[in-house]
């Protein structure tokens, strides 16, 4: 696969220094290790090594959806691969799924969900704050998944307009207020998921799920540790992210 | 959605007691809480509550791919949602991806990969032990993803026949021996992933990846903790799975 | 050091099979690997290997205080080394400390605290349930720390009789009800510690600490993972204890 | 208890801002929140609240040994309460224990060990680098535990001069080279402990322990997570220390 004008590429220097860039003719990317010239990138296959004018090596790869959202214009907190992965597997969201999401935020989780329901599924994403919807639209276009998303500039608490939904994913401050709405929108056996930083949010949500005919209610937290693997120096990294959110799952009973 | 004859359903009693069953006319399922009659299930919507002859409640839901693999006929160790989720997100495997996998084992990981590359992608799954291939085929048929998988009864160390592969996922004892083959099979910028219980396996794999023109080499471990969320009794479960595997990721450079 | 009649020894077969035994003349210990005769132990140095009549190796060591409490007659939940260690270091409990504890339970934590305040310090241990006090006394005698403990068959909520205490350690269901009493009993700058399985208990305790002139309030949880270290097979154990308790610390301000 | 001239006090502003200071007449401590005057501290009881000239509250408490080592003049990596606590409990080091330690470093671990073997025990601490011995001596004097420590300006690999030692604690780069020496120095059933950042160090040490008549060999890692406990906002801190060291324990067999 060849890098074409207009493609987004991930330019990698090392683990920390990496850039999401659009390939454009005449473009030059300035870094602390010299200038990378897109003349050396366009027309080359992905996976190419390119030298800056200071002779440092940079690598050009195709960004994954996760690379995209990590580099997105962000207005909200990032959601991590460990958590999104768990959400996908535990809700069964996949090709063809019809998913309701709230809130859209900058569209990070929306991007991943849209990528996995492709091509026949659909993400209906609610967001009441208009400025976020705009950022999200831009990000979804960049990720080329906008066709699988319906961005809804509405507060989900005013109602879910869709029916027979396979999964409802709530990354919002008060998911418990949307539990009843989620039950109405879901297909029988459909999946509920909320993503909440605090335990009180999880408590309120679980309580409401128990009241509203959901079963198989589970709350989990997921921790990922990076391991330095190097001869004679193998050990976990000194620091890690200790907490992102409690993730609550449930299934609707009719 | 209605339960039809021939469908696989997940019958749930509680968190531990759940069965993957094929809906068949005249079938009765015997449990310690009485007999569940499929006459009460067939033709009903998913999400239905059904009573056993002893008046206990059972719930009928559509199994997710993860439910399927947890209940599969198994000849090998289970792979957990936390790990599969991380593999999907970090490799970018999704709709349309062409993936090489080894070994197939009983087809658990294959099932999930196949479900996520649907409908246009493909999983090429290598397994040298014939008895596993048979179990895997049965499991993939049950999961209705066999059309997206090419089961190859071959040792991957004898060669990968595919080219321009998006990702190679190795759940085998000696992934380092397949690193060079993976490099040849991958598209530029393509993703390598190995899943290994021991740190020595990760060390050998990382060493080989460094020798073979891979970049962005990372090893991670993922831990999930279940939280009991109940008014006045909220706390993590007493026990958890402390370790499944070290997962190593890398990208091919040409 | 020589094993004498009347000493408690730890007889070790392997990681799981170990016994706390009193050395007595003529005593024989029956195991699944044969009979161990105390004639072969008494008068030998600690660290001796002894053979059963079936020729299996057993090891004789002096029990640590932790070995003792793990083998104690128990009426209550065990407290783990990881947690006790954190309590000692964070409260500064050590030789000479005067400590109030509640509840005594079977005396496990009391044993360790007593061992570390030796010889000039003292543990005042409250327990309202008489049957526990008896078990605790027996266990403290066995551990040879009874001289450093004052067992008080009283409910701590009826009042703490001591003053100028260095630390108050509460392993009880409702530590928040004892916060004010602890404040009165403590010396200025003295340490409060509660050990509670649920987050709600920690929440109530922290709230009360904030009301009652405590500073430096911290809640922690501690997790220990066993690592299998064996050439070519190094990896964490598959299972671990995921949760014992939330431990809350604070210092009294006058 | 009253703050006297010459005492070390811990002056606390909040969780992060705290100072270890010697009480001296006429001394003033300058902070971003104003000046604290020791005239307001000397002669007051510990636990006193003192106001800066800008009317901010500061708290005066007696430092624990852990407070001391966290504020020590440091030439080496810090050792955490979680790890020291585990070492104490698993080795049984306590009042009266005779302990060999290497290396001394800046004396942090030495301080804690000395505090817990008090008054009848002893820590023999080896350190080949003379500049560290000097820092350590100063730190041990400050902590008032120098009387319980014998600082030895020697490389432990040149030999351990003590005999019938209760525990050997190795916080050094190559503990496996000292395993045989430790065996000779230990009493029968005595405890070995090494503290090593990398898994390779643990592997080499365990291998040597197996060769040298040690039993009950265990390697552990310990993780502590801080929990924010606040009404409606309860959750673990976002970041944590993911790894400090693998701690290996064993007992000597004669």
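For reference, chains read A, B, C and D in written order, and residue numbers begin at 1 within each chain.
Note that a residue touches a chain if its C-beta (ideal position, glycine included) is under 8 Å from a C-beta of that chain, and two chains touch if they have at least 3 such contacts.
The structure presented is a predicted model; accordingly, all values stated were derived computationally and were not measured.
Listed by label, the chains touching chain A and chain D alike form an empty list. Traced through touching neighbours, the fewest hops from chain A to chain C number 2. As a whole-number value, the distance joining the C-alpha centres of chain B and chain D reads 46 Å.
Averaging Cα coordinates per chain places chain A and chain B 21 Å apart.
A straight line joining the Cα centres of chain B and chain C is 43 Å long. Among the residues of chain C, those touching two or more other chains are numbered 199, 225-226, 231, 234, 246. Applying the touch definition to all chain combinations yields A-B, A-D, B-C, C-D. Those residues of chain C that touch chain B in the shared complex are 197-200, 225-226, 231-244, 246.
Of all residues in chain A, those touching chain B in their complex are 1, 12, 15, 45-49, 59-62, 64-67, 81-82, 84-92, 94-96, 112, 115-116, 118-120, 164, 187-191, 199, 202-203, 206-207, 215-216, 218-231, 234, 246, 248, 251-254.
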